[in-house]
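To start, the structure itself, in structure tokens.
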């Protein structure tokens, strides 16, 4: 198995914007270097270009529209994030849901530019549905765990295990991220033991006073 | 194999509303009786209740929201269409796209009431994605055939064949409808020969002066 | 001044659907007859046609799409609600928000059929914006009062007073409904004293065991 | 009257992205300096920060969401564009329509940060509705002129004149931009003579081989 991926979603948190985005990316690069674990960041659109050019870690968009360059005022195309230096993009995050056909269009457009697709899903069925679109990753965010502060190990881990099985039944090449309920290195280890290939997380890193300390803990059991 | 399904989508065509909806449903009932083929209709919301109560044919909603009864002004719940007497609902029609999580919610809500789900899709990948949600039917509407007047037999039929294979690879119990490019009984026969379980069509029946004549042709090769 | 309007929004409450919708409409007709006050109902789409045909009170749609009859699967056109017998429609309810251009399109389409437009708004500015589109009514639903159980008289009534002033500054012909915080006849009286032309309410009538009793109270101070 | 504003919308055109965005901004700065006319640019989100920091001309976002910093993955907050150095934002462009309440929220959020709001509208009524929200600018984009290549002078200019009157009847402080049908300096002059305070345009500048040449023509009659 390849190294797990720790993917930090900066959302539109004030603590993950501008200078703070740089500080978090810097911590991610440091801890990735120390640990050998891949750590990526999905910053605000405005930080996409600066971060991708200042740091060696993979930088993701938080969303991407699958259409061609053209008359799409206010949207963000794969063309744009490619120019900005992105490695890939989240798609269909629970805070930015897309229609099924739009998700597919975004995956196809990313693949045409050799960028990585991470489709977010919310349960076993939608994870299987996402896997059918052949992205690189499906990130499962069980609604009962989002922002709950409840560790995936304390909650019923069955939803993760079943989602992994459902994804691989549809397409065994698709990797899975655990997208909620990650508080600590112990949680990351459990997520990997449940068959996932890493984690997608947000506030625990982004709002930390010292993101490097939190990141070192997150990779500590791998 | 069970009998194919001919499902008529009345859209919001003037020719499929009110008295015309009754006339089309009447024709459908007549031809279904003559031929033994199942013929259903998906009328405007306002005709759902009257048609379901006046006719024995299956009546479908054109869309349904998956949430519980409650404060959802302007939406249409499974509870509502069940009370109206619907047999099931289209979901995610190309003219009423839904987010992946919404599609799943609608399927679950329909199944909880033992109603039939028909998820519309637009290509091979999204058909597979739809199948992963375990509806009764996936209706493939290739955009290049929608409203084109081009028969699925004249167009490249590969998209239908591949979509059927993709659906059954994910879930062999899911039935498939050909959702565009159906002009005649010959087209229906080709659609069935390509492995689908029927057709979803609209203007060719709804806008016909004599819907019974068109319907008789559509079932003539089965 | 013309008689105030009491408009009952049945939402998708189970208690406002099917037989219950008939029972509430019946109570509304009775109390309207007794009191001389106009009482209307906005039921689920599936009840629109039956209620409009069984009762003399004005029946409203909860939402309407402004486009012409045609290929709009899953939508509800002015054409459809006109055939169903509707007197008008709510537009842009807080549970079914529309783009500014869509609101305008719905108002125009309703007016072309001589049906009544009730645009919902949420504060002073959006009430003025709604008034600029020249509907018959703007219904102000201050978010802090929606479903709060707090009477508009106990809450700061300034938002209603200022919204009425803002609406009339833009277009003095537009009538205003108080769209939240209505619990009793006292509230209705206050709403009218604040310069509005009636009220839009939901659960207090729809979920009542005896809607007629609640309605009699609502009109008691007029 | 203050100097007219020429606002260039780079959309997601390939010719307005990355290095081309810099080239266009450079041309805008040059011609603004030569002519004394204010020329702004609304680039892709990814170019917002670099352009705002490299050039003295006003840089606008193409869209902004009105909510506070927080859990809004894939959205673009006023906080973000402020950090990026934006002077303001387009709101409700025809390619990114918003609900009425969302438009109002965006205007309020921009004003709280002393940034400039430009609400796009499509006709006389929606221009008045936009003006009721008290933005700095309303940009009228008559659908019949968008991307038509038809000059506003050749088309019926009445829609512009009436929209200006409707906007000023609601709020005389709101300035108006002509948002379509601008091909040349002659068109800009006509737009200003019709009572507007400048123009919003896109492809004629963005796709030009030499944007400076086009811009010099656009300001030539002022």
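Should a chain be cited, it is by its letter among A, B, C and D, assigned in written order, with residues numbered from 1 in that chain.
The rule is simple: contacts are C-beta pairs under 8 Å (C-beta built on N, C-alpha and C of every residue); 3 or more make two chains touch, one makes a residue touch a chain.
Keep in mind that this is a model prediction, so the values were computed, not measured.
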{"item": "Fewest touching-chain hops separating chain A from chain C", "value": "2"}
{"item": "Chain at maximum distance from chain D, centres defined as averaged CA atoms", "value": "B"}
{"item": "Shared interface numbering between chain C and chain B [over half = same, under half = different]", "value": "same"}
{"item": "Same-interface partner of C-D, chosen from the options A-B, A-D or B-C, over half of the pairs matching", "value": "A-B"}
{"item": "Centroid spacing, where centroids are CA-atom means, of chain B and chain C in whole angstrom", "value": "34"}
{"item": "Distance from the mean Cα position of chain D to that of chain B, given in whole angstrom", "value": "44"}
{"item": "Between chain A and chain B, centroid-to-centroid distance (C-alpha), Å", "value": "36"}
{"item": "For chain B, residues that touch 2 or more chains besides their own", "value": "94"}
{"item": "Touch relationships between chains, expressed as pairs", "value": "A-B, A-D, B-C, C-D"}
{"item": "Chain D residues within the chain A interface of the complex", "value": "9, 11-14, 17-18, 42, 44-50, 62-63, 69-77, 79-81, 83-84, 90, 93-96, 147, 202-203"}
{"item": "Footprint of chain A on chain B - complex, ascending", "value": "92, 94, 97-104, 107, 121-123, 125-126, 128-134, 166, 170"}
